[in-house]
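Think of it as A, B, C and D in the order they're written, each chain with its own count starting at 1.
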Amino acid sequence: MSAFGVTVRVQSEDFDQAAETTLLTKGRTDIGAVATFSGLCRGEGETLKALELEHYPGMAESEIEAAANAAVKRWPIDGLLVIHRYGRITPGEQIVLVIATSKHRDAAFDGARYVMDFLKTNAPFWKKEHRVDGQEASWVDAREEDEQATKRWK
Amino acid sequence: MSAFGVTVRVQSEDFDQAAETTLLTKGRTDIGAVATFSGLCRGEGETLKALELEHYPGMAESEIEAAANAAVKRWPIDGLLVIHRYGRITPGEQIVLVIATSKHRDAAFDGARYVMDFLKTNAPFWKKEHRVDGQEASWVDAREEDEQATKRWK
Amino acid sequence: MAGVETKLVYFSWVRERVGKSEEKIVLPQDVTTVMDLLLWLKQRDDGFAAALEFPEIIRVALDQEHVEHTAEIGAPREIAIFPPMTGG
Amino acid sequence: MAGVETKLVYFSWVRERVGKSEEKIVLPQDVTTVMDLLLWLKQRDDGFAAALEFPEIIRVALDQEHVEHTAEIGAPREIAIFPPMTGG
């Protein structure tokens, strides 16, 4: 279930930020602000070969939708798009995209950041790191900073 | 004068957000976060025909660079691009673009928002509104909210 | 509700340590809260003991809704057990 | 510095009200602070009186640097006078 203006996609394919922005803004003259966040896979000094992103289908979508719907309720946001990928992702590739549009910049910035913060701590995705040196792949630990980031919105 | 990684452009031509993002990220595997803000011209319920953006050449660039350099000093930002247009801009067109890249999302979000806030109150640009109904064009008033937004970074 | 099977699903290193991604089991009648469930699962075998060594950090969802460890389990169709999330 | 010409530049509605975008003038010797300058300009003619009706809201830059109204003018090459900015 998602509110009007909220789009959430969980997919293995890459996405096109420019095309998504166009979909949210084209032909509209009531939008003054577009805040966009994209998260990329880092190579960790060329030690990382790939990330493997596991997710809980169904719950991944519903948790992101819950965050997006909460953002739309809290700020005057016109459109909110969230795309999160799963599967194998190599350094430099895109993982996540959030675009929030609004009349004013504060709502757009707050909305995009709120969704990113909640997504980090609440959406069921887990990253496994595969190393260039062939060492055993290991799961990324959750960061205490991310927990704190979510708390700042209370 | 601008710090390494800071690019500021004041121009009348439109810009291509996707192309600018590619320039900042292509071939890099050390960037984990890209925060982007674009400001668009609103039509104000189809009453606005066009905005006329006047600027103070030289000082416009240096004030934006000062804000960008302060952001790069304050947060671990890899790349920071700011483009601000001047001249005649019609509803739906782009006015301003800020892109901040970093290892982590907080620095990218904070950097982009800081630059937007300072640009609003410190960069010498003035907007004149031309109306569809042919009424005399009028200068946009500065918003008290923008002054407050700048103060939150003290 | 004795005899009713519940589907359990496991993710990330919980899945790897327990050695399966899902199973259907009948929960004992004295397992009423989420923490009861984690402690009961933990003593099933070495895999569960390793996966649930620190039950306080493990997250649980009942029918895809996050719940606290003090929550009553009730009669969900699906219980998911997984480590803290690391998406985004 | 009597006799030295300074370039003044005006923007937005200050420019429109004073009726020019720039001029070179010799500042009187008793004009030492930014506020002195605004008050002196204000009494030059009706255009300046309209532009500088509320001098406290007017912004001033000396050689493209923002300054407070209490600042000493010194000997800049260029003084810019304009309303609060509305870019972004």
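As a working rule, a residue touches a chain if its C-beta (ideal position, glycine included) is under 8 Å from a C-beta of that chain, and two chains touch if they have at least 3 such contacts.
Keep in mind that this is a model prediction, so the values were computed, not measured.
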| item | value |
| --- | --- |
| Number of steps on the shortest touching-chain route linking chain A and chain C | 1 |
| Approximate Å spacing (C-alpha centroids) for the pair chain A, chain D | 49 |
| Distance from the mean Cα position of chain B to that of chain A, given in whole angstrom | 23 |
| Inter-chain centre distance, chain B versus chain D - centres from mean C-alpha coordinates, in Å | 27 |
| For chain A, residues that touch 2 or more chains besides their own | 39, 105, 116 |
| Per-residue multi-chain contacts in chain D, two or more chains | 88 |
| Interchain contacts, given as pairs of chains that touch | A-B, A-C, B-D |
| In the complex with chain D, residue positions of chain B that touch it | 39, 53-56, 58-60, 62-63, 84, 95-96, 116, 119-128, 139-143, 146 |
| Contact footprint of chain A on chain C as seen in their complex | 9, 11-13, 61, 64, 66, 80, 82-88 |
| Interface residues, chain A side, partner chain B - complex | 17-18, 21, 25, 27-43, 45-46, 91-92, 103, 105-106, 108-109, 112-113, 116, 145, 149 |
